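Structure record follows, encoded as structure tokens.
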Amino acid sequence: MAQILFYAFALFTLACAVGVVVNKNAVNAAMCLLLALVGVAGLFVQLDAYLLAFLLLLVYAGAVVALFLFIVMLLDTKDTASRGFRKVSTFASVFALGLLATGVSAFALRGRLTTPNPNLAAAVGTDLKHYAYQLFTTYLLPVQVIGFLLLIAMLGVIVLSKRWEGLDDIK
Amino acid sequence: MNLEVVKLAAADNQWGAIFPELMLACLALALLGLEIVLPKKLHVYIPDFALSGLVGTLAGLLFNFRPATLGHDTFNGLLHHSEPGQVMRAFFLLVAILVCVLARVSLAKQKMPRIEFYHLVLIVTGAMMLLAQSNHFVMLFVALETVTIGFYILVSYFRTSTASLEAGLKYLVMGALSSGMLLFGIALLYGVAGNPDLPAHTASAMNFNALAQFLAANPHHFLASTGIVLVLAGVAFKIGAFPFQIWVPDVYQGAPTPVTAFLAVGSKAAGFAVLLILARDVFASYAWLVMPVLTAMAAATIVFGNLAALTQHNVKRLIGLSGVSHAGFLLLGVVASATVPMAQGAIYFYLFAYLIASFAVFGVMTHVAGANDSDQDLDHYAGLAKESPFLAAVLAIGLGSLAGIPPLAGFMGKLFIFISAFQGGARWLLALAAAGVVISIYYYFGWIKAAFFEQWTPPADTADPRPARTPVSFVSGLTLGSLALASVLLGFYQGPLGQWLTMK
Amino acid sequence: MFDFFFQLHPVIQGLAKGLAVIMVIFPLAGACSLAERKVSAWMQGRPGPNRAIVPWIAWIPFLGVFLQKLGVFHLMSDGGKLLFKEEPVPGHVNKFYFILAPALAIMPAFTTVAVVPFGAYFDAAGAAIPLVLANVDIGLLAVFAVSSLGIYSLILAGWASNSKYPFLGSIRASAQLISYELAMTMSVIPVFLWINAPGQPGTMSLAKAVEFQSLPGFWGGSWFIVLMPISALIFLISLFAETNRHPFDMAESESDLVGGFHTEYGAFKWSLFFVAEYSHMIIGSGVFVLLFLGGWNPLPWVPLSTAAQLLGITGLPLVVGVLSIVIFLAKVVAMIFFFMWVRWTVPRFRYDQIMKLGWQKLLPLSIANLLFYAIAIAVIQK
Amino acid sequence: MTTATLNDYVLLSAVLFAIGFFGVLLRRNTLVIFMSLELMLVASTLALVAFSRFNGTMDGNVFVFFILTVAAAEVAVGLAIIVALFRKRHTVQVDELNTLKN
Amino acid sequence: MAVIPLERKPLTFAERTYLPQIASGLWTTFKHIFQPQVTLSYPEQRPAIPPGYRGVPTLVRDPNGREKCVSCQLCEFVCPPKAIRITPGEIPADQADRAHVEKAPQAFDIDMLRCIYCGLCQEVCPEEAIFLQNQYSLSGYTREEMVNHKDKLYELGGTLPDQHYKWDQKKTAAEHGNTH
Amino acid sequence: MSQLPFDPLLLSIAAPLALALAIALGLPKRWSVLLAYGAFAIPVLMALHVWFHFGDVAKDHGYAFLTRYSTGLDGLGIGLKLGLNGISLPLFVLAALVGLAAGLYAIQSGAERLKIYLMLLLIMQGGLMGVFASVDVFFFYFFHELALIPTFIMVGVWGGRDRSYAAMKLTIYLTLGAMVSLLGLIMLYVKSGAQTFDLIALRDHLAAHPLGATLQHNIAGLLLFGLGVLVSLWPLHTWAPLGYGAAPSSAAMLHAGVLKKFGLYGLIQIALPLLPDGLAHWSHPLAWLAVIGNILIVGLITIAQRDLKQMIGYSSVMHMGYAFLGIAAGGIIGPGGVVLLMVAHGLSVALLFLLATAIYHRTQTFAMDEMGGLAQKTPVLAAFFVAATLASIGLPGFANFWGELAIFVALWKFSPLITALAVAGVVISAVYGLRSAARVFFGPSTEALAKVTAARPPADLGWPEKIPALILLAALLFVGFWPKSLTGPINAALTPAAAAPARVVPSAPSL
């Protein structure tokens, strides 16, 4: 059962990811991204990381992709049919595909890790309090830094998009 | 989970250890607060406030250069405080001060909000300081991203200029790509190092010390190697090393000049600080992999940077590409640092020399530049020596130092790097670097030539194409003068700094 | 009692639960639309819908007239009309997303129901067992996460309509949703700070929140609306905004946007949007009741267990369960009434006022509130 | 309930990463490039969560928090830049953004 | 003109939160629930039509049951929405009581889908033949039904008392040698 | 040691540099000029003082006046160690003298933006004094570069025709040479294992642990190539005539007269004692290159020159050929002769450049075809020029004669064929030297000149010009008549016995 679920979600995610890359229409791509994220969230659930799954939905699907969709629609850019992709020669694309295949097969063949018994390892991702304790003890400093990161991101977006008036009088 | 354990873990957050960073953060917040509180008339003084705060922080840092935490881990092993870390802290503070000085000149020509710029600079500086001391991948990533995102904004700060925005976008795409690679590399390393079936696996797999031990125990693991290469790729972007240098000319050209300086010096130095930690300590047991990669990278970087710079007419592109070649020289030092203890000191010295020289040049650039910040042509420097000899002299000294001409500081930096590279056995790389220096003379000298030798006859029929030069204010004059002087003096006399570097 | 259910195949169990949700929420949403009409009528001194009647029910004395006067059959005829009406699909729309959007609106609305407990009964040991489809630890977070997906229906509907009013409406609505999510999330954190005292396994389960409002003692038994009025206020306001209800109904804003994001929609697809809106309202009200109004506890300081003892039905879990559901639903209904009440009281905001309120008032207020409670809890538990 | 092996997850995330990478390399629309970048980040988080689950350590899971936050900030800034640029140039195609050429 | 600055009391904190106002508003609306309904159950209860009500335009006859309209078409010209259409016709000579009237409408249609109840037709009518009366409920299943034809108009209009008997006087005058 | 309460070597380096710094910081023009006299004079006074006392002070490894100042790089074995031995002493004096002459000439020249011109010249002077005073290989290189930089700028800013191109070419070539020689020095530093740049320590160390043959060949190759470029070894000499042709006279005097000797000095002072095998390995190619390229080819090119300044530039390239021959010949006499030649050539070529500029001021041209008959109007100038030309040809009575003689003597042992060819070069130099003198000063006056002289009748050499010329000429004659004053210390330094037992070196604590 769980195996089937994994493969279902994995294939779904991959298909959607491919959809992001090959879709000519940016809206379709964004929707594919959304679905891929839902798929990943499903995988997270299978990995017992419920919190992260829902956070992924909340942050990524709920805000980030929505923002994407917004902008795509706002800018209303239409990829004309022939120009969706960069001009790459057949050689380059074959090369890229070969690279992809080599990389993945290298991962599949050489990168094998023994799977530790998942039942032995405590399902650490389930308890919410674990996250909170980690974030506010061990990782307190990064949390603070992230706060500043968000601050400057916000400030930056304001600077970049706000209509500034009356700037003449400040020197 | 036991409450006591939590309390212990929380008690390990020694905020005193990152006092300078805290100072910067508070200063940054204070700027925003002042902007709200103060009447508009007084907003002029907020940059001064930022500047004096920075100077104060730097003074405090130097005054207490050896705090009690030196040599220890703090924040549960997220940070490691070392002497190089202290030096880099001072370095970044110095960079921030200079960027602020340049920004005062440069921002005056633009209709853009001012305070936010200084705020961003302060935050990015603080993050850089943390980055140089991070001892844990989470800390590394978070600090790196703070720096990077800050730079996205800073690069596109002159948003009325298409060039600035385009530069920002390019930097963004490349930066995000490299962050992705870095991140995947970290994930792989974390996964491998924590795998309970491997020898010397560790529970805190993102901690550098633990990771280094694990890597030493598993010297040829495929996934670990992949992770290392990906992490190196992510860092290589920051320093603009060869395959990841493609953003450099465009971004340097488009970014506001103070930001270009910040990128060229601060960001690059941060990258090297991280690279040194990673390549020397963490990935030490994977030297069979890291060193060839870095060597190839260094060679390609030197060749590319110098050759590409030859044909440039826009000085910002020129200095960007020359910066790529400087990254190549520094990489040479990193390669050497695996075996030669002196190389680390050499890199720091080089960075300082580069800082001083670059900011001298950038300082002149901000004064020569017009309202269109991305359009700074070599031709605009015509007649500079006649019209403002001070700027011309500073420019000459800065460029000379960048080119590595004795008796300027840049030469000493190159010398140390070369010596250590030779000791490290990187002969061919060294020969390449020497060739690079000779090539670099050509374009640096071309710039000096433009400023000094060309007689400027204003065209009779059209308006003067050179933008009006900003008069040198007292503060910027003082700064530029002391930079030039420092460039000269550091070439003659290295004093305690030299002692410290060579004792490594 | 429900053992046979738990012996079924999990897939069938899931299907049954899903079906149950649809069967309950759809009529409920319809009932809400009727309630909206009736309540507005009452407030405006009108009788409201009171005509439709099925002939043979009309023959029932009193009840027939009562139901007719209540307008119950209008609901059915509305539903029938919407189902069988012609489905207009304008020629200029992007058909795929145009049809997808209403479906997307419904999905998150129904999914969130799964994690909202709607009652409790006591097992043999006296412990309260919440009645909920999926009692996950994440609880509230799941509600937030899934309901945040509802934004896509707005965006897609507006965009796919390929017409300016729907597009403006969708942009306004989605920006509003994103803006108020922040304040909303911030406002409930104090509740969970209170619940998750150090030393206990953490949870964001909604049932736990009710459990904490059933404790003995003055502070224990008081509902969180008493303990945290500001939180409740912020949550409530954000809830209005999140459900696009008056005075935040920027998405529709008939006076300036024709009909908002669903201008181009008609018939059943249009009704789906409304079902979604009403289900959001129901679930939002449910969450508010659970978090701040004591859930299935009948009165402040009178928890369900006490009430059961007073009524002497402690030994009958089924009865207690039904009672709890009734109490809970009564509160939800009251909340829905409140929604409608507000609709006819407060005028609609301007869009910039909404953004200003969300970002400049509620968000700082919720942060201050959070800080206050964090400090207060730290001091209390010292 | 995990019966899929660690390798499956690692491979999956690697493929996802590669797909994102190629998206960045091949697409011309900056918005889609950006989406591909997000795919890469998500691939990394998937790997982290999987490792965290199988290794039994929390670090990976906690790291995901930071990644999500960073990604959100990055997208916000990036889209702001794209919009500002679009206002000037009326295009989001990378090869039409060629102001910066020597 | 003297400008008198109006001193406004600054809002109190409570007022600035708007909450008291909202609460009082809620109270107001809540009270309305229990106030008696002010609506009529229309088909069962009919509204009292006040005098001077302007309902559907109709044609009237004089007390002698004669058609008053002489199809002068003034109303047709004046009608802003062009709801009225008149086809004039001769009055056959055999109608003795109308002998002095030259014309009468062959057809008189008012399209009630167009009519805006402005009353200009009534205003302009020299014969006082068209009146807006207290008919307010007009319905039909088709568009055609909504066009009131002449017979319908007369049916709706009925007879109104007439003081002038203009044509009778004219007739008398004519009979008396047409002198004034 | 000396009786002075301060270190004369440091003072002679520091005085010009300090004044340069003061000018850079904004010293007024009047003070700059006044102080410049002092700054140029101090090195001469010090040099003379050192010269007089050289015989009677204590020496370590042949070095007198040793002092060491730490600059913070002790860990790398780098420190400012000053001292003079028999080889550097004559060159030190030469640098001081030529510097004084160039400085005096510059002050009177009234160049545009004189202050900056003087500043650059002072930097050059300080660097030159440093080159010859430092015992530390690093500082030896360092000071050379310090002196080199102003040259570029002076050529670029104050130069004549094609100055931009000339400056560029000069810079690229010289940087190439400097970079390659730096690589050689680094290689020497690292491979010697001594972990020091101190020449004395290096000598001691390498005497105990000589380098392998291949290594010596490689290092010597690098040094020969790098330093060769700096000394304008054929075929990489093209920067020299071009640069000198464009350079302002003082810069040309200092560079051609003194700075260019750096390469040769380096070879003698560093390569010869440290890499004897390496140098021997390359001696034949070097000799052939020098005799065919520098002496014969360049000599013939020199004859073809029409431009006076270019001709002097080419002649200096040609004379460097003799110096290379002397080094290739080896032994004591060869290098000794080279040192002597260096001094002599430095004085004579500086004098020639000075006079060429003086001529230019009177004729407004450097084209020899457009001159003639100047001797009647300016007899003193003519006399000086003829004297200088004769000196440069190598007439007995001038210093050059002794240098060339010594080289030929040494070279005979090395290869008679090369000697023969080299002697043929002397004939060439006589041809162009005498011809130029004849062209400029004797014979009929050309029309172009007549026009110029009509506008501004040429005055004879005045005192401001005469004094520098006199200084140089006097020195030439002094050495020419009393070569022993130099050969003594030189021989002493070149004999292997010079490596006297080490003595404690007093060192100042820190700079």
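Lettered A, B, C, D, E and F in written order, each chain numbered from 1.
Methods note: contacts are C-beta pairs under 8 Å (C-beta built on N, C-alpha and C of every residue); 3 or more make two chains touch, one makes a residue touch a chain.
A quick note: this is a predicted structure, and the numbers were derived from the prediction, not measured.
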Task: Intersection of the contact lists for subunit B and subunit C - done: A
Task: Result of counting contacting C-beta pairs for A-C and B-F, higher pair - done: B-F
Task: Chain closest to the middle, measuring from C-alpha centroids that were averaged per chain - done: B
TODO: Using mean Cα positions as chain centres, tell me which chain lies farthest from subunit B.
DONE: E
Open item on the list: Need the CA-centroid distance for the pair subunit B / subunit D, whole Å please.
Closed with: 25
Open item on the list: Could you work out how far the Cα centre of subunit C sits from that of subunit E, in whole Å?
Closed with: 50
Open item on the list: Centroid of subunit C to centroid of subunit F, CA atoms only: how many Å?
Closed with: 94
Open item on the list: Taking the mean of the C-alpha atoms as each chain's centre, how many Å separate subunit B from subunit E?
Closed with: 86
Task: Residues within subunit B bordering two or more other chains - done: 6, 138, 142, 145, 149, 152-153, 156, 159, 191, 195-196, 223
Open item on the list: Quick check: what residues of subunit A touch more than one other chain, meaning two or more?
Closed with: 55, 63, 74, 107, 111, 113-114, 116, 120-121, 129-130, 138-139, 142, 146, 149, 153, 156, 160
Task: Where subunit C touches two or more other chains, by residue - done: none
TODO: In the complex, go through subunit C and note every residue touching subunit A.
DONE: 97, 136-138, 141-142, 144-146, 148-149, 151-152, 155-156, 158-159, 167, 171, 174, 178, 181, 196, 200-204
Task: subunit B-facing residues of subunit D, complex - done: 6, 10, 13, 17, 20-21, 24, 30, 33-34, 37, 40-41, 43-45, 47-48, 50-51, 54-57, 59-60, 62-63, 66-67, 70, 73-74, 77-78, 81-82, 84-85, 88-89, 94, 97, 99-100, 102
Open item on the list: Looking at the complex, which residues from subunit B come into contact with subunit A?
Closed with: 1, 6, 9-10, 12-13, 18, 25, 28, 40, 43-44, 75-76, 78-79, 108, 111-114, 116, 119-120, 123-124, 126-127, 130, 138-139, 142-143, 145-146, 149-150, 152-153, 156-157, 159, 191-192, 195-198, 222-223, 226
Task: subunit E to subunit C touching residues, read off their complex - done: 22, 25-26, 28-30, 32-33, 35-39, 41
Task: Residues of subunit A that touch subunit D when the two form their complex - done: 2-3, 6-7, 10, 13-14, 17-18, 20-21, 23, 26, 29-30, 33, 36-37, 40, 43-44, 46-49, 52, 55-56, 59-60, 63-64, 67-68, 71-72, 74-75, 77, 79, 83-86, 88, 93, 96, 100, 103-104, 107-108, 111-116, 118, 120-125, 130-131, 134-135, 138-139, 142, 146, 149-150, 153-154, 156-157, 160-161
